Amino acid sequence: MAADFPLLLVLDLAGTFAFALNGALVAVRAARLDLVGVVALGVTTAVGGGIIRDVLLGALPPATFSDWRYLAVAAAGGLLAFLFSGLLDRLATPIEVFDAAGLSLFAVVGAAKALEYGMGPAQAVILGALTGVGGGTLRDVLIRRVPTVLTSGLYAIPALVGALLAVLATRGDVDDVLGVPASLGAAAACFVIRMVGVRFDLHAPRAPGTRRGPATPPGGSAG
Amino acid sequence: MAADFPLLLVLDLAGTFAFALNGALVAVRAARLDLVGVVALGVTTAVGGGIIRDVLLGALPPATFSDWRYLAVAAAGGLLAFLFSGLLDRLATPIEVFDAAGLSLFAVVGAAKALEYGMGPAQAVILGALTGVGGGTLRDVLIRRVPTVLTSGLYAIPALVGALLAVLATRGDVDDVLGVPASLGAAAACFVIRMVGVRFDLHAPRAPGTRRGPATPPGGSAG
Amino acid sequence: MAADFPLLLVLDLAGTFAFALNGALVAVRAARLDLVGVVALGVTTAVGGGIIRDVLLGALPPATFSDWRYLAVAAAGGLLAFLFSGLLDRLATPIEVFDAAGLSLFAVVGAAKALEYGMGPAQAVILGALTGVGGGTLRDVLIRRVPTVLTSGLYAIPALVGALLAVLATRGDVDDVLGVPASLGAAAACFVIRMVGVRFDLHAPRAPGTRRGPATPPGGSAG
């Protein structure tokens, strides 16, 4: 349980809050939903990755349900984003920043929790990345966008890097608990790579003979 | 297990049947699917909420699979809606009525089952609401509509109210089994609120400075 | 565990590979994704059905995560399809062929695994079909297509036939392990029915008074 490791719990709640702000802002701007829809999309974005992680680990019921703090933080984030969406607009690219923060924190926490549950190092890296991209993918499917993880080459890659660094920091050893500097370092690496990708609109190569086509939404790298 | 409480089982099967009719009618009208698609969408709508509930509770395999009655009722509802879609059209807004019935019954049953599995009262309310909205959300994602739960303010709220009343009726005490009048009362409250919302097209407030935009489908409150 | 039955493991890995090729080719052609998106969609298509199966069976963590061979085969299939998409284009309808192969193999393996986990024969048939159609449904939802299972009458039916033959071959008896000829026969029956459906664009009947409408995408039977 993340609850046994205060650090992981704090990072997990911070990621939950960042994704709740992100999902709710997307709901306000892109989908123009009402209060209930905004909070619902914020909460879904915030807890989606952790639920996918816990279902795949067999850690049921998910931490989100057995620990009320996740739902409280997620709902608070959604409400705040609804109330202050005008104010948040004045920050530079807040949607992308919150998305990258949630991605980074969840990738690290997800990988650490996977190791705790006895997954091998490769599986922990993949499950960490999946935890990071899961909530945003649910968000995009619900409002009918092709998920960022498919359209932006630099979304899955930073999540994999963050999870890999977290696994390396514990040397793949579950008893060697992830420390504060290593966790924050791994999350920071993920965050920086993601924001560089957003800033310069970087993509991975496409298959020979194909060009970017209409199935990719305009501004597909949006968070 | 719902099977230990005949009342919950009956309500659960009634909700399953209502959602199967709803999902299959949506498949016939909105998506113009063939027989297999109609039954598949009806069954998915009918069992989706319960599967999400049971996965999150860790009650695996879900009741849907271990108890053949759910699948039989869901498939029968889908087939009936396919055969008599012309007849059902003559009823007033049958799609919304079946959807509201399934929503109400599943919210109450979902909350009661969550208490049974040791969830706290707040979690039981949320899981009940999630059981109610889950099947319709899967249905909408599969036929590429923004889910009703996001676009209609009065879809999640009645589900939360129904689940809350069910939890209050048991005083949050798992041994204090939900009785017939309390269950039906909680479900009726949810149903009435939902149908008032459909009739008067009520919505929750939107964020300041935003208007309803093109991402919300026309007639977004449809069930 | 499939790992105890080498035959089921081999068929499962073959289905994983076929679906990875299929999902990645769809990503290259229909959605024009970049390398990361192509591999991600290939892997999701490949492991999605098995994850749904294992979650519903309560066999967690899913085989995909506890056994690295699934992820390795899926990633290899996705990469190969990315690199050789031009070459694969010259084969006749490779997307449909790989999809039908994955559908057939997963329906048989899914039904056998469900019996192993104590499901009844009816549930095993349904879970087998769900394993077959699950990965392609996730693929279609992620790239915003109405899933093939809803739009093509001859997608769920061959999966159900393949799963039914697999269950009949074991006489519903979990100790009566599925043999090589029976497994391959059941998978072949599913494959042939599916490809006949693709070739002649066969559909199940529609509800009286409805016609095929705009909600069904053009070429909806594509794999």
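Should a chain be cited, it is by its letter among A, B and C, assigned in written order, with residues numbered from 1 in that chain.
The rule we apply is simple: a residue touches a chain if its C-beta (ideal position, glycine included) is under 8 Å from a C-beta of that chain, and two chains touch if they have at least 3 such contacts.
Source: prediction; values computed, not measured.
Peer 1: Taking all residue numbers used at the chain A/chain C interface, answer same if over half belong to both copies and different if under half do.
Peer 2: Different, since under half the interface numbering is common to both chains.
Peer 1: Since chain B and chain C share one sequence, what rotation angle in degrees maps the C-alpha trace of one onto the other, as a multiple of 5?
Peer 2: Here the rotation carrying chain B onto chain C measures out at 120 degrees.
Peer 1: How many angstrom lie between the CA centroids of chain A and chain C, rounded to a whole number?
Peer 2: Roughly 28 Å separates the two chain centres.
Peer 1: Two-or-more-chain contact residues of chain C, please, as numbers and ranges.
Peer 2: Within chain C, the residues that touch at least two other chains are 55, 60, 141, 144.
Peer 1: Any idea which chain A residues touch chain C in the complex?
Peer 2: By the definition above, chain A touches chain C via 55-58, 60, 117, 119-120, 122-123, 126-127, 137, 141, 144-147, 149-153, 155-157, 203-213, 215-216.
Peer 1: Looking at the complex, which residues from chain A come into contact with chain B?
Peer 2: Chain A residues touching chain B: 27-38, 40-41, 51, 55, 60-62, 65-66, 68, 71, 82-83, 85-86, 141-144.
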